[in-house]
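Labels A, B, C and D are assigned to the chains in the order they are written; within every chain, residues are numbered from 1.
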Amino acid sequence: MTKSTSRWVGASLARKQDLRLVTGHGRYTDDISVPGMLHAAMLRSPHAHARIKSVDVSRARALPGVHAVLTGEDAKRYWGPLAPTIDIGMKVPTVYALATDKVYYMGEPVVAIAADTRYLAEDALEFIDVEYEVLPAVTDTEAALAPGAPLLYPEWGDNVQCAWGMSVGAVDETFARADHVFEFRLPQHRYSGASLEGRAALAHYDAYNRKLTLHCSTQAPNLVRTLVAQTFRFPEHDVQVIAPDIGGGYGNKLQADAEVIPCLLSLATGRPVKWTESRQENLLSGMQCRDYVWYLKVAVSKDGILQGLDAQVLGNVGCDGTCHAAGAGKFLVAAGYVPGPYKWHAFRVATKVAVSNKAPSGAYRGYGKDIANYPLEVAMSRMADALGLSPAEFRRRNFVGKDEFPYQQISGPVYDSGDYAQCLAKLLELVDYDEVKQRQAATQGKSAKYLGIGIASMLEPSGGAVPSCIFNSYEVATVRLMPEGGVLVLTGHQDIGQGSETTLCQVVADELGLTPDDVRVVYGDTNAVPYGLGPWSSRGATFNVSCIAEAARRLKANLFEVVANLWQCEAAGLVAADGAIVEPGGRRMTLRELGNKLHLWPGAFGVVPKHVANPFEVTHYWTSPIASWTPDELGRIRLYTTHPSGSSAIIVEVDAETGKIEVKDVAIVDDCGVIINPTIVEGQLHGGYVQGIGGALMEEFHYDERGQLWNTDLTSYLHPLATDVPDIKCDHVISPSPYTTLGTKGMGEGSTIMPCAAMVNAVEDALKPFGVRVDQLPLTPERVIRLLKTSSIWREMYEVGA
Amino acid sequence: MKFEGESEVSGTPPVVWDALIDPKVIERCTPGCQSLAVVGPDDFELVTKIGIASISGTYKGRMRIAEKLVGERYVMSAEGAGPIGTMSVVGIVTLQDNGDATRVAYSFEATVGGAMTGLAQRALLPIAKLLTKQFFKRVEKVIAGEDLPAEEVGS
Amino acid sequence: MNEAAMKAIRVTTSVNGTSYTRAVEPRLLLSDFLRNELGLTGTHVGCEHGKCGACTVLVGGRAVRACLMFAVQAEGKSVETIEGLAAGADALHPIQRAFIDCHGLQCGFCTPGMINSTRALLAANPAPTDQEIRAGLAGNICRCTGYVNIVKAVRQAANEMRTTAAPEGVSK
Amino acid sequence: MKPKPFDYVRVDTLPALFSALAAHDNAKIIAGGQSLVPMMNFRVAQPEVLVDINGVEALNHVGRDGDWLCIGAMARYQDLIDSPLVRESLPLLSEALGHVGYPAIRNRGTLGGSVVHNDPSAEGGVALCCLGAEVVVASAKGERVVPIAEFFVTTYLTDIAPHEVLTEIRIPVPLPRSGSAFRELAKRVGDFAIVNVAALVSVGAGDKVSAVSLALGGVAETPLSFDVGPAVIGHPLDAARAAEAARLVDALSDPQDDNVAGGEYKRHLAGVLVKQALLAAYIDAMAKGA
């Protein structure tokens, strides 16, 4: 396949979808209304762990304007347990989208109502009486794993949903003869994407067509269709899922949990039913993420070379991480990637994933790669400090070198390409690291404001292919030439704000010598596109772009055969450029002319030679050339296709009197291989990084020990605002990937992976005079002061009333 | 969240004691109480309509009196659920003879739950304190035979 | 259902220059009135307790939360929503063009509220500093962009609107 | 979430308001609605009748009345922030109101509504306590004037009966050589303040403090004034005096844990902000005196 010169890949094209979005003509799920539509609301459990003794819905059913009131038991007539989204050696509970005998977390739906308006549906909730027998609850990860903890699923005998581990090399000997052994305990709290558009689903079961149509705010329409069909035991080919514009997903919208409830209500009433969740419902029962604690042991030689890593991560997936959502899998990914971008001689890891009385756990920008990055990048800076090395120098000594690729990491994955040292070097230049350190030295202690800089490097495994789960291992897409010479791309990928509606046009335009305006991407309708899997683990720029580029190339090859036959010349000599197929120095046929010839004048019989495959459209199946599920001799497998990388820095000013952290500057250097649209890439870096800063400083789902959630509105679940973050400087290193068609690597998650570690490193750097070690996130002002109070130096300087 | 307090209630301890554990008195003295059903010995189900400041709504609650030491002390536990969420209060009420009046001291531990813990949590403790003060003031009036004002403070 | 739910009230209000009269239940929020009664779904709802800013519209020329007003309170008022800003698909307001040029949006859910807050900000302060832009938009949560390109877009819109000196850009 | 049903009554004059309040017992007044409507949407507040006073122009005014500044209950935050009269005579109030919410909240929200709603760390309430304001509460039977400290009963509860309405807030204009400062820490712009402090310092001849007024939010059930006179009056206000004042406040306040922050941290933060506010107010007063 001749690689065409890239005119559009690499261009910062303005986005096609922006015209409708800036004028208010976007079409999000809640914007859609259909005649006869009812509205759903759900009664949710006020208790975290309780048996349902009785549910009396008689008064609610009698209310005018109420058309259906269904309990978990009623619903069993229509559906089975929630279909599992993942089962890699996990305990899969039998759970329903409406609680039946037991509730497992505060906010779990117990009764579903369909009424004329959302107002009436909410009114009707107060006419339902549920009698609960409250059970003891457990929310802390280590408490849930301890013997004697209240069990969510007694038949399990414990609260462990899955466990896994591996060991490579002489671990114990390496630690025995190491010059230094460092130990760390590094927890991270629970928070999530909390997109501005919550979940929304408009379901319509048409009995006369035996067809269920579901409009839904989802990142994966095809996956939702399969899960809905499985949960209802309904023929999948009679389900259609339509995903219009999506108001942000970030990984949270990859399953069919409460989305099946409007389907239930439509089956029960025979009418379309729309459910648009309130912010409370999203915070109580939307997917929640992170929530883990690492125990790390690192063996280092006296000249600062990493020898051995012995790690354990205990994860908390709330009530379930298999059926409500696929969150359990992220701790397997975390365990496999904790070695990060560094070289090791011996490695041992174990993970145990606990269930507890909290909301279900899904994916959020990272799915384990963020979990893997956090402990090691904090440990690297703390160890550098202990060894008297700069954080950058200690990393540089241990990076995989740029000439060692493809490099098989000790835990199994093959890193495709990169230049980790150059990313770091460019970062230090971009943020003017030395100047900041000089300024820090000159100002330290002169006022209550302490300057600090923290760095973190990262690895962003992308293009995932995970066995026995919805995040599977292929992509299918179609590229179709229209009679008038335009091109349609039919893809299961979903634009959730990352701009694929535009970037995929740039790819196809280059392949077929067209302009992006000649190409339209069709997505978001399971009856109109092949079975593609949607955006997660940056699948767009890896699986999807490769699949579509290769489909376009195959279509071009077939078109060249047709033209070569017409012109009686060699197909190999032809090129596609400026909207036409060209014989260098000779004849030229526009795609419009070719399209008309193929379809109309004279039509296929007249122009298509017998041996040419379909010149109209090509549907291509692409899978990763490097991912592999067959264990190698050490039992290791490879789940990801490419390994983008990068480094970033945060500069903070910590007020030692109030504990407030001000983020003064942020710089990111990213290596995501070939860049399709630089402006869109930088937009992802800005947005992802600020989400990470939110997690580090202010976002938290705080459950007390009884399982009561304290963050049920936006006065207590705090997103970063425009005033909380500065402008962000970006730069790039480009190491094309050998494993994708265009050398692209994906970059949707990397910028969210780094900020927590960089923030902890920055705050510890700023407060070095007080010897502070962060033991808990988020770093609210209160928590910073609690840390500082442990320092006698601080108490002398700042204790009030001392 | 803890809250304590005490009230001077005219009447001797035995008189005050009888009033405090009498369901009919509890029904009349609990601010906004719409109904009280005796479901067992010292076990009552109440429906109260709260109208304090902008917090208003109907709350279904369960109140139990236990560990009674006649004339001296008892343990009161109550849970309520309503629009604001769930709230449970457990505490000890003690009576001391103070000449012609009885000093009633209470020390309660309140735990809050339900969806509204975020916004409304700031209001729950102060309101719980206010309702408790009002309760004991109304008990005093009942003992003294005075009629009860319809609505205390609060718009 | 108590009878209060049935008692509808006539409300007449101007939205984007067009007068509408509807009978509405008093409790109908202005956000739901615009979206469901008038079909103007460009006003988005993210929280319904005044914190996220997605429902920001202009009432009497001032930015307000449509989720913290009842439709009946818009009686006799002039409401402006995102749909009224551009004269047409090919006649965008400088703010809208700037958001496209500077990639000041990704999923687009916060954009209508963000643009309405920007209209009000620039009307009150035609040459805001970056800090003033960020303070002016502090009440509009964006979860995708990290605000960097939004500030850039507002800066570009402010410069262009000052040079063309039109009171509120091209269309008004 | 959606509010519960209610009857809606729009009034344009005070007499119409009084008759509406008299006609309905569970009636609630709505002014800006920026605190009330969220609670109605959460169904925590469920008024059966809503009386809308946005049309009562008589309540929407700002003006001087001798040594007093009078603010109508319907005056919007943003109008007060933009008012040169308020900025000149009560710079403390302008500074405090700048911390309230966001532009869209300040355009609709009213100082009167906030005072009646009475959040424990409401910037308006804290400034008014420090300034020794009083409120005018009216009903069909007439008016009564209540000092702000007595008007605040407990969190979200004020000394106003269902048939009454707050019509005006009256604030004494500080002495000429007076300086003020408002300090607050919230996790983000526009969030509930964890603690806030309003300080008003007057200097007599030379550089000695002649009068001081201090109020804090977030450390008690309502905004609360603290007498720090003994620590600062009669002396130049230096860091040591400010620290002494902070100790006085510390001894008198008992901040509780709540959803925003823990009591221990609030106590520490109060100390920090009291010192900052007093020193800044003193510098402001000295600058005015020169």
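Operating definition for what follows: a residue touches a chain if its C-beta (ideal position, glycine included) is under 8 Å from a C-beta of that chain, and two chains touch if they have at least 3 such contacts.
This one's a predicted model, so the numbers in the text were calculated from it and none came from an experiment.
> From the centre of chain C, which chain's CA centre is farthest?
Looking at centroid distances, B is the chain farthest away.
> Looking only at C-beta pairs that count as contacts, which pair of chains has more of them, B-D or A-B?
Result: the pair with more contacts is B-D.
> Averaged over CA atoms, how far is the centre of chain B from the centre of chain D? Could you give it in whole Å?
Centre separation, chain B to chain D: 32 Å.
> Round to the nearest whole Å and give the separation of the Cα centres of chain A and chain B.
50
> Taking each chain's centre as the mean position of its Cα atoms, how many Å separate chain C from chain D?
29
> What whole-Å value do you get for the distance between chain A and chain D if each is reduced to the mean of its CA atoms?
Here the centre of chain D sits 44 Å away from the centre of chain A.
> Which residues belonging to chain D are in contact with no fewer than two other chains?
Where chain D meets two or more other chains at a single residue, that happens at 1-5, 38, 42-43, 188-190, 192, 259.
> Mind pulling the residue numbers of chain A that touch at least two other chains?
119, 123, 278, 280, 710, 713, 715-716, 720-721, 723 - these are the residues of chain A that touch more than one other chain.
> Going by the contact rule already set, what residues in chain B reach two or more other chains?
Only 83, 116-119, 121 qualify.
> For this entry, which pairs of chains touch?
Those chain pairs which touch are A-B, A-C, A-D, B-D, C-D.
> Could you list, by residue number, the parts of chain C that touch chain D in their complex?
Residue positions touching the partner: 1-2, 4-5, 7, 9, 25-27, 29, 32, 48-50, 53, 56, 62-65, 67-70, 72-73, 75, 117, 120-121, 135-136, 138-140.
> What residues of chain D sit close enough to touch chain C in their complex?
Residue list for chain D touching chain C: 1-8, 10, 33-34, 37-38, 41-42, 48, 50, 52, 54, 78, 101-105, 107-108, 188-190.
> Show me the residue ranges of chain C that touch chain A in the complex, using the header's touch definition.
1, 5, 25, 27-28, 35-36, 40-49, 51-52, 54, 81-83, 85-86, 89, 92, 96, 99-101, 103, 105-112, 115, 130, 133-135, 137-151
> Which residues of chain B touch chain D in the complex?
That would be residues 1, 51-57, 83-84, 116-123, 125-127, 129-130, 151, 153-155 of chain B.
> Please give the residue numbers of chain B that touch chain A in the complex, ascending.
81, 83, 85-86, 111-119, 121
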